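So that you can tell them apart, the chains are marked A, B, C and D in the order they are listed, and the count of residues begins at 1 in each.
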Amino acid sequence: MMPILGSTASTVTEPSLLPVFACLASLLAIPGILAFRKSPNAREGVTFIAGGIKLALVLMMVPGVLSGKMYEFRFFELVEGVGLEFRVDGLGLLFGIVASFLWLCTTLYAIGYMRAHHETNQTRFFSFFALSLCATLGVAFAGNLLTLYIFYEMLSLSTFPLVSHHGDKKARTGGRTYLSYLLGASIGLALPALIFCYTRSPEGMDFMTGGFMAGKVGATEAAILLLMFAYGFAKCGLMPLHSWLPGAMVAPTPVSALLHAVAVVKVGVFCVIRVVTGVFGTDFLLEVDAATALQWAAAITVVVSSLIALSQDNLKRMLAFSTIGQLGYIVLGVALLSPKGVAGSMLHIAMHATGKITLFMCAGAIFVATGKKYISQMEGMGRTMPLTFAAFFIGSLSVIGLPPTGGFISKFYLVMGTIEAGKIPLLVVFLVSTILNAAYFMPIVFRAFFPRGPTAPFRWDRVQEVPKACLIPILITATITLLAFFVPELGQRLAALMVPGL
Amino acid sequence: MMDQMPTILMLAPFIGAVGLSLLAWRRPAAAMPVVFGALAITVLAAVLTLREVLANGTITYLLSGWDRLPERAAGMAVGIEYKIDAFNALVLVLIPAIALINALYLRTRLAVECAGKEILYAILYLLLVVGLCGMVITNDAFNLYVLLEISSLTSYALIGIGRRRAAHATFNYIMTGTIGASFFLLGVGYLYIQVGTLNIGDIHEALMASSELRELASIKVAAMMIMAGLWLKMGLFPLHGWLPNAYRYAPTATGSLMAPLVTKVMVVVMLRMMVSLFGLDYLFAELNWRPVIVGIACVAILAGSFFALAQRDIRGMLCFLIVAEVGYMVGGAWLGNEAGITGAAYHVLSDACMTFCLFLAVAAIILRTGEHRLSAFRGAFRKMPVAMAAFTVGALSMVGLPPTCGFFSKWYLLIGGVEAGQWHYVACLLISSLVNAVLFFRIFEIALMKVEVEESGSFDVDALPEDPEDRWERVPVGTIVAMIVAATAVLTIGLLNRPIASFIATWIGQAVEVAP
Amino acid sequence: MELLTLTAQFEWILGKSNYWASTVLLLIGLHAMISKNNLIKKLIGMSIFQTGIILFYVSAGAKHGAQIPIVHYGHDSHESHDKAAHAAEHAADAGQQVAEAAAPAANHAANHAADATHTLGETLYVNPLPHVLMLTAIVVGVATLGLALAMVQKVYAAYGSIEEDEVLDAIADSTADSTVDSTVDRTVKGTPEA
Amino acid sequence: MIWQLDLILLIFLVITALISLRVRDLLGASMVFGIYSFLICLLWAGMGAVDVAFTEAAVGAGVSTVILVATVYHTRRVTGGHKRASGMKVLSLLLMLVLGGVLLHASGDFPALGDPTSPANDHPVAQYYIEGSYQDTKVPNLVTSVLADYRGYDTLFETVVVFVAGIGILAVIGVPTARMRREEVCGDTAQFGEDSDLIILQTCRLVVPVLQLFALYVIAHGHHSPGGGFQGGVLFGASYILLALSGGLREALRRLSESMSFRLAACGIVIYAGFGLLCMALGSSFLDYAILDSILPGGVAMARSHSMLIVEAGVGFTVTTILFVIYANLATRGKLEGGL
């Protein structure tokens, strides 16, 4: 088996404030949002400008990173040996691009959705939205484990008001579940694991190729710590710490989209990837064979969540369980410890993000346009909302992992990863779950366009699409999902930076 | 002038208090200016002292000019001396600073809550600061007792001045406080009868020099009595009975001064007794009390957290949180390793700031709404953004979330726990963090959402009247400033934890590389 | 022989008697503070508790055959030093002359005289330091007592009783009646939250 | 020390302590407690602690008893049985057994009582006080020199403790409105002791001046004999208390009003601390009287001696006035009207 060497020796670190500014762009938008709370247009304008700047800043780093640079910025020491530190590498940048780009789409969508829905407290909503994006980029560009943890917690807190946005009883329950799972796991599991790592490696906790903990713990300790991290970062939705995700469905749909596609869950799996590659290092984990338990935890999550999704009628809940399964893919991929598996996980973050955000925005659009949220009610709706359902179709193809969508590429890597690692049972898991995915997505699309019973012929003037602010982002993300199949080079190259063994 | 700073620090509030009694007996308007002036001088002197300590190391100040007279008293101190090391100096800044900021709040409440007794209150307030500073600064075990009694008597009066309900709470506090102080005195007596001196440094040297002395049962009992006395005074579970009622029913400005300072200064004294008097080698190598005391601390943490969870009264909840925090600090100190003691010492600073922040915010909210149960928080984010921002910062720090100081103190304590292999302590800390999370997010939930409260039915944040007067904080500017400063301190102390921890490490006396 | 050990034991007991008595007083006082129901009785217990501690300290400074700590007039320091030295020499001489059996005792005495430079002349003075400390402790004690008595009066004014159980009952009643007793906040009996 | 006497006293001490806690009549309990205090004074005097005994006699037996009686007068005289506390009692007894065991165990390695070579007595510092303090300060009473000079800082705060107690009691039970009225009424034509018993009145007329004179002597002569600022102050305060008891509080307040009391008390502390500050101003450390030899006559040692006298006078001011205030407030529930 080919060991993963990580970043090539030619990598140069370059001190730069770019990651800091990228992270701060949305934070600085908050005063603007608050200042224009009386005029919604100006308020959302501020959000847009900040989003644009953020994306631009992130994209500015692409050429440098591709040419082998690592942008780095250290503030000061938080505790002895460990500072507040940003460092941009391939994985972080890949995630950063996805997050900041999708933030723009979600914002556009949110404007349409929130206005169409006459939601209250929109200023609060957009402020915390911006704050959570700041935290997400902080996680993406975190240079060491402590910085990562800090931004992780910041994200949990800043999304709490979003989840319980409606403020009614259901929202309260959802918010409670959300926060108790996330905070409980991170304080109860991730923090002790973090502190244990620090006591073993007090000289520093920087993510590095081969991992800073490599060789400092025994096999059992490594396995336990790995599980503590994987479950501690409960945003990655490993069963049984997954139920916050369906519970958080009470949030407005843009929030769900943000949670499921952009910020929250992806931060969870991102953290797990970081822990595997940067904290322990795949070599070390392979050497002590510490990841088997994690592999099986992920595999079980994949299968069980797909089965649950099959039985759901509420569209958003179904999508939530689907997300849990897809997160399981990513964790499984990285737990395979093979180069292709790890690369597949990284790519899948991006691919699943675009696909799933499309699906969520479609679900929201359907709800905005018709007030329907159950799958059983959606028969024949493809005829009134053809564009939405076309996008839904593309999104589901990507999630299932079929060409011509980006999901196919990452899934291909993942499957190759299992073969590379020689884990045939896990290959079976991937295949079974793909069939299950198809089984819960395809009927929806099919019934929407070809309902049972008599149907009126399709006519454009009967089309009742959602407001443009909602529709345009859907179409953009759907297009990107398709494009990702044809031009996946950027993602592949960024992933390859981290996994040169490809 | 510079070398007189420690005395100026002690005397400024002292002279202020006496001056009020002498010149302003019938002039309530003079109370607050004198309090501000005296405390401002104290803070200034404390900061200068801190700077001096940072530049030149530990300061020793000999009162009454009695030098250590080497030839005639074998180098022992015959007088009383101050000793200000890195950690002391930090605490000495903290005490008057909190008192000064709290005075901003006090200013608005004095005439309301203590009508006709403004001067008395101001005198007691200043003398409490004298007592607390004096305990920290002195290097004489008996002088420490005297100053302990000054701070106790002033706190009894500052609480007892309050409402009807405060009377019995204060009486209990007097009983407990007297037992605690007397135990301390008895412990010092046991040391005195075996060692013959009262100077903390000299006792320490004597203990270090003679192994027979360390073997004596009476020295062990002395350590036990001193610790038990201090635990009573700081309210370590199960000796905490006096604490919640005393702080809850006191005038609000007393609560927000005493809750952050009094128990914390007791912890400082405990740390000093451990490090400077008995010495860590003696306590941890020769007495094996660590399992027991860490066990007690664990119980304290859990009990405090869960009692807090059961409270419906906001201030009661905060009081029980203090009980839990005392458990943190005692447990951390008795972990017996550097990280643990650093954590305990650092937590003294951070807990003082966050408790202060929370008490101030809660006082503002209670005053505004007239309710003192959790329902007071309905719609609070909108009604009182500044107070709630301060509350949020304090709450996050209590939960232990970064980048507040609560996170970093927990960080050191947890590292201490892991290094000492005291897993139950680690577990209790984490559980308590989670319980705190539940506590505070329950409040945030009430503040953020339309909560159906028993009597008043549904409550919609947006249904609040748009009356501009009603929408504004309606909190006096001084209080707002105080809250902002306190919240900033919580964050600043968190971010500055590296230098602070290294001061503490130098104090503990083990070589630790200092931050560049 | 038996008699001698008995005497030794008796002396040993005498040597501890004050410490024991102080412990007993301390425990009596503490017990009263914890278990008495009447607040004034608690305070009497508190005072007894404190005197127990004071007795301990004063005993720590006591010396057999010593004078009260007020030095005699006219002693110049040089003179007294000389005298102390003389006394030591005398004792040492005596020690050499007596029979061997008595030698340890005499040596002891000699050492004493030499060690005990805290005599001025032949006079032994009581150690003044514990006295100073206990003056403070007594004053602190009466200050605490005064403040506590004020609290007792306040409790009595509020609840009409100085028996702790009755006071606690009264407090429970008053919170149940949700009386308003302050300008700041109301005391309302907590009802469980939704 | 005469061990037979000590032993008897110790036994009586324990007995009186138990009685004062058993008696149901609180007035009786207070009285027995006064007896207890006197007994312990004897014990201390026997051990050579004359200053402690003096203070205890004045403070413990005198003032404590009076304020206890005052409180009993204003609350209830008889205490009921113990209805509730039996569980508490058992718990407390258990605790006492444990604590007693620990303390007795510790006393096993104490040096014998009265051993001149015990660590505390043989320590260089203790020796230094006995040997050197007369040279240093020219004050024969070692307790005074240690109190007011070597540990003068402690004593400053001891005075503050008294001051705090006065302020605290006033803060806790003082009634502001009644107080104002009282101050106005003061100085009207009320006759001294118009409703008092003649014998008591005349006795007090004789006793009070003598007492005050003696108090001044005690303060002034503290350098040479037992006594000093505290003892003298307590006696002086007691003279006012006596005046209030015999001729009515109003009369006593007319001579020493409450606000005047606090001003004088503050004055006392200002004298003490001011002297310390003066030393600082002259360039030495706080309370270093030695530096004052440039102002006071008679060389360094005498400067210390004189300073101590002034400082003790300051203590006397504070203690006198505050004790009277404490009594006046406790005897009238803070109203300063009526009284015992």
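Simple rule for what comes next: a residue touches a chain if its C-beta (ideal position, glycine included) is under 8 Å from a C-beta of that chain, and two chains touch if they have at least 3 such contacts.
Note that this is a predicted model, so its numbers are computed, not measured.
Farthest from subunit C, judged by the mean position of CA atoms in each chain, is A.
Separating the centre of subunit C from that of subunit D, both taken as means of CA atoms, is a distance of 15 Å. A separation of 44 Å divides the Cα centre of subunit A from that of subunit B. The distance from the centre of subunit B to the centre of subunit C, with each centre set as the mean of the Cα atoms, comes to 30 Å. Each chain gets one centre point, the mean of its Cα atoms, and the points for subunit A and subunit D are 75 Å apart. Shared contact sites, meaning residues of subunit D that touch two or more other chains, fall at 103, 107, 110-111, 118, 120-122, 125-127, 129, 131-132, 151, 154, 158, 161, 164-165, 168-169, 172. Residue positions 26, 30, 60, 129-130, 136, 140, 143-144, 147, 150-152, 154, 157 of subunit C each touch two or more of the other chains. Taken as a graph of touching chains, this assembly has some other topology, since it is neither a line, a ring, a star nor fully connected.
By the touch rule above, subunit B contacts subunit D in their complex via residues 4, 7, 11, 14-15, 18-19, 21-22, 25-26, 61-66, 69, 72-74, 76-80, 114-117, 120-121, 123-124, 127, 130, 134, 140, 142-143, 146-147, 149-150, 153-154, 156-158, 160-161, 170, 190, 192-197, 216-218, 220-222, 224.
Residues of subunit C touching subunit B in their complex: 26, 30, 33, 39, 42, 46, 49-50, 53, 56-57, 60, 129-130, 133, 136-137, 140, 143-144, 147-148, 150-152, 154-155, 157-159, 167-168, 171, 174, 181-188, 190-194.
Across the complex, subunit D meets subunit C through its residues 1, 3, 6-7, 10, 13-14, 17-18, 20-21, 26, 29-30, 33, 36-37, 40, 43-44, 47-52, 55-56, 59-60, 63-64, 67-68, 70-72, 74-76, 79-80, 82-85, 88-89, 91-93, 95-96, 99-100, 103-104, 107, 110-118, 120-122, 125-127, 129-132, 134-135, 140-143, 146-147, 151, 154-155, 158, 161-162, 164-165, 168-169, 172-173, 224-226, 230, 326, 329-330, 333-334. On subunit C, the positions that touch subunit D within their shared complex are 11-12, 14-21, 23-32, 34-38, 40-41, 43-45, 47-48, 51, 54-55, 58-64, 66-73, 75, 77, 80, 112, 115-120, 124-132, 134-136, 138-147, 149-154, 156-157, 161-165. Residues 112-113, 142, 146, 149, 152-153, 156-157, 160, 163-165, 167-168, 170-171, 174-175, 178-179, 182, 185-186, 189, 192-193, 198, 252, 312-313, 366-367, 370-375, 451-454 of subunit B are the ones that touch subunit C when the two sit in their complex.
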